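First chain A sits with chain B, and in the next complex the same chain sits with chain C.
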Partner chain A sequence: MVKIKRVLRLYALYAKMDLAWLLRDTTFAVLAVLADVITNLSSVTGVFLLAWRFDGIGGMSRFEVLFMLAYATIITGIFQTFCAGGNVGHISRRVGRGQLEHMFIQPMLLPAQLATEGFIPFSGSSNLISGTVIMIIATVNLGISLPWWWIFSLIGNLIVTVAIVLGKSYLASSLTFYAPVQAEEISSYVIDSFGHISTFPLSGMPLYLQIPLITFIPTGLLAWFPTLALFGRAPFNLPAWYPLLFAVVLWMIATYFFRKGLNFYVKKGINRYHAMGHRR
Partner chain B sequence: MRKYFITAITAMKGQTNGGIIYMFPNILVSLMYLLPLMFLWRVIAADGTDVGMTLKQLLTYTYMNALLSEMLVVRTLASSWNYEGQLISLFARPFPVFGQLMAQTIGGWIPMLLIFSLPMLVIAPLFGISIIPATVWFFPSLLLCISLGFAIDFIFACVTIRLRGMAWLGHSIRMAIVSLFSGTVIPFRILPFGLTKIFEFQPFGSLGGAPLSLFVGTTEPAQIIATQIFWNFVLWPVAIFWFAKSKERQVSFGG
Partner chain C sequence: MLKKESTDTTQWDTAVSVNGVTKVFTQWQRENAGRGIIKNLLNPQKKIISALDDVSFKINRGEFVAYAGPNGAGKSTTMKLLAGMLQPTEGSVSVLGMSPNKDRISVMRELGVLFGNRTELWWDHPISQSFEWKKVVWDIPDDVYKRNLEMVIELLDIGELLKTFARELSLGQRMRADLAMMLLHSPTLILLDEPTLGLDVVAKRQMIEFLKKINHENGVTIVVTSHDMDDLEEMAQRILMISGGKVAYDGSFDGLREITGNLTRFIVTMDGGLKLSLDGGKLINANKGVYEFEVDVALTPIKHLLRQLSDANGVKDVEIKKSPIEQVIAGLYASWKKEMV
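Let's turn to the complex of A and B:
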């Protein structure tokens, strides 16, 4: 109970700091909001225009595609809100820059720091808000009646998907302990570069493309699979909880390799700083 | 000219300093963009809808975009170097800043062209991709696209300088705008609501989408080339003038 209270206090503290950071300058605040709005709209517009032009894609209707795009936007929003601060999600940057030992001297467990430090609810939530609005529009236009528990299923799916994004990042970032300079940006590749592919509807594509994209390179699990599962049409007749199973296995593997890398790190360290504090 | 050449060679070598294996993520990302999009076109074509482009044109468009992506939407290191405090060091060298950035950027393209684009070009016919442009006007259009790309990049560098520590804001806006409005991902030709003409005439439309549409032969060369020349004439003076005004606003602590 004490630990939970402390975590909540930390969330409140980070929220306060984030608000102060956003409002330090009116121009900055306006630009930040504007940038997010433009980025969000642009990222979903292209594929939705295609879906509109061709009355859906590969068996998915226009508004199912829009729902999928909204899902992807909400995932980005949740990630940004809870994990974007201090590169907690893009953990390879922290590791590669030799900044992890900064956390070792804090009077708090490393997992608790990682769980709270990334919280930026004011500057990071625009994707979450716009994604929610787009999802409501899509759901209303789908014209289907959904059971009462559907919203909980949606929330569960969102949590699992964010867990997959983080699991991928932490697994790939384990390499950074051994190659800090070369792998410093590996989280960006795993999260951002591959994340963009999640906006492509995979319906109608051949199996030899779909299967790798829900297993080895699981971009299909970030929006396409959960969208179809939420409408009761999970691909390949897989159970709707397949992403949960995937997330659990991924986290087990990621935890093993991240701990292994961390053990290496505490023995060897990362020599990337000059005596005057500049990074090599 | 030699100094530009040496700068380009240095940039080229810089890409592979850690070994060619460190270029693998970029190649993987390029392939991961290419494959789903190519299959997306097949799915759309299989529905039998009139797309306004043949399947071969769509596949070629996407394939050539992947091969020439760095040229079709030029990105120099100006913005990130400004953020990292490195841009100022370019002023201490005995040749123009724009020239250095252009030489550095062009040199940086070469490893990916050799390691990724060239082999992909050789195997392109296996996927039913045409590697012969529909018109020779593709080549001048590509040059105009690259030229305009540099101008737009320098304008964004000025935005970054003006935003001081908020470089990522400029970066976010730029990436989002360019991916949609350059026409490199989704050809303007297949957009709904009569957006094709609007998108073709806005400045970003003269970037990648312009030479690609000439490559596959879906647009009249005269219109494309004229629009590209127009935007080059408009945006280069803006870039030069604004950079001259902005350069003294740079702040650098290094690190």
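Let's turn to the complex of A and C:
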């Protein structure tokens, strides 16, 4: 109970700090919000226009495609809101820059630090808000009746997808313990590059592309699979909880390798330190 | 290498205990010629560096210890081991009776760490925000926080900095703010790695006075590294010197002088034109009738030198002082380097 209270206090603290950071300058705040809105809209516009022109893509209707784009935007939004602060989500940057040592001297468990320090609900939530608005528009236009529990299914899927994104980031970032310079940006490549692909509907693509994209390179699990599963049409007749199973296995592997890397780090040390990038 | 002074540790509790610690790193080696590059590709060469080699020492609670040594001697490595940022290759480290790795959270509640080349302050926030962050993360009770905040504001003179963003502070101001933040949770042991790095004379003075005060009045154990030996001598009661990964000296500053010969400076002002020489004295400087000699008074008794000076013609003024510790240490480093070669 005490621990939960402390974690909530930390969330409140980081929220306050984020708001103070965003509002430190009016011009900056207005420009930051405007830039985020433009970026979010432009990121979904291309694929949606294609879906509109061809009346859907690969068996998915226009608004199913829009729903999928909204899903991907919300995932980015959750990641930005909860994990973007202090490069907690892009952990390879912190490892590669020798900044993990700042966390070692805090009297808190490392997972608790990682879970709270990335929280930037004001400067990081634009994707979450715009994604939610787009999703409401898409759902209304789909014209289907959904059961009351569907919203919980949606929330569960979103949590699982974010877990997959983080699992990928931490698994790839484990390499940074061994090659700090070369792998400093690996988590951003893993998240951003695969994130871009996740906004393309995989329906209609050949199997030899679809299968790798929901297994070895799980881009299809970031928006396409959950979207179809939420509408009761999970690909390959796989159970709707397949992404959950994938997330659990991925987290087990990521945790194993990250811990191994961390042990290597405290035994061998890192002869590198950059002052900037973990606190703003 | 040098003698080790005996220290009575029975009357105090131990704050830091380092037992037979060895810390080994590897360094990549490569020839810069074309053949070396190819050779490196097929068979990369690594050199094993012993940053610390079977190092053992104890620091008692309430002590103010200077941890010194030439570049690459293993000072920062030791600090990182004590702060739980690194694990030893061999041996064990105990901080306040706990293992910094296994009991990290409990140790960190009582430990303060400050590295001169890095900051714990939040860059884009006012200093007061960083302090508030520290209060929540360290879970500092309200009354303790308030008391410590008032103390650091007064002693470190940072009242006017509280609303200033960390990125807009000068180096000296930043160091004071960092030091203040480090003390908010009432640490019983603090580790300072080059805390006076880059500070001007005024900022350095403020920091030294403050550290002496919290050591003296609050009984805080302090371990500090610095390249500035005069600063260290002013602050610390004991100096632990490390060279080539080994403890080369552990004792008082006076003891260190005795080891290197009891070097003493004689500054003698002579009446115009008269020259002077001292038995066993090495002339360091002669300018406008002022002669500066360095004499090892362990070899040439001071009584003899004073007699010589009183018998000499034209002596107007005599000043006698210990040789600067910087010079003593420089001599030591040079001799250690020779020994290693």
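Annotations for the structure displayed:
FYI, the second predicted complex is superposed on the first by the 272 of 280 C-alpha atoms of A that agree within 3 Å, B and C clash if a C-alpha of one lies under 4 Å from a C-alpha of the other, contacts with A are read in each partner's own complex, and residues count from 1 in each chain.
Assume a contact is a pair of C-beta atoms (placed from the backbone, for glycine too) under 8 Å apart; a residue touches a chain by one contact, two chains touch by 3 or more.
Small disclaimer: the values here were computed from a predicted structure and weren't measured.
By the touch criterion stated above, A:Ser193 is placed in contact with chain B alone, chain C being left untouched. Residue by residue along chain A, chain B and chain C are tallied for touches, and B comes out ahead. Within the superposed three-chain model, A:Ala20 lies in touch with chain C and out of touch with chain B [touch as defined at top].
By the touch criterion defined above, A:Lys260 lies against neither chain B nor chain C after alignment on the C-alpha atoms of chain A.
The interface of chain A with chain B overlaps its interface with chain C at residues 279.
Against chain C, in their complex, chain A makes its touches with residues 6, 9-10, 13, 17, 20-21, 24, 101-102, 104-109, 266-269, 271, 273, 275-276, 279-280.
Those residues of chain B that touch chain A in the complex are listed here as 18, 22, 25, 28-29, 32-33, 35-37, 39-40, 42-44, 46-47, 49, 51, 163, 166, 169-170, 172-173, 175-177, 179-181, 185-186, 190-193, 195, 254-255. Residues of chain C touching chain A in their complex: 25-26, 77, 80, 83-87, 89, 101, 104-106, 108-109, 111, 113, 117-125, 129, 132-133, 136-139. Residues 28, 31-32, 34-36, 38-43, 45-47, 49-50, 52-55, 57-58, 181-182, 186, 189, 193-194, 196-197, 200-206, 209, 213, 217, 219, 277-279 of chain A are the ones that touch chain B when the two sit in their complex.
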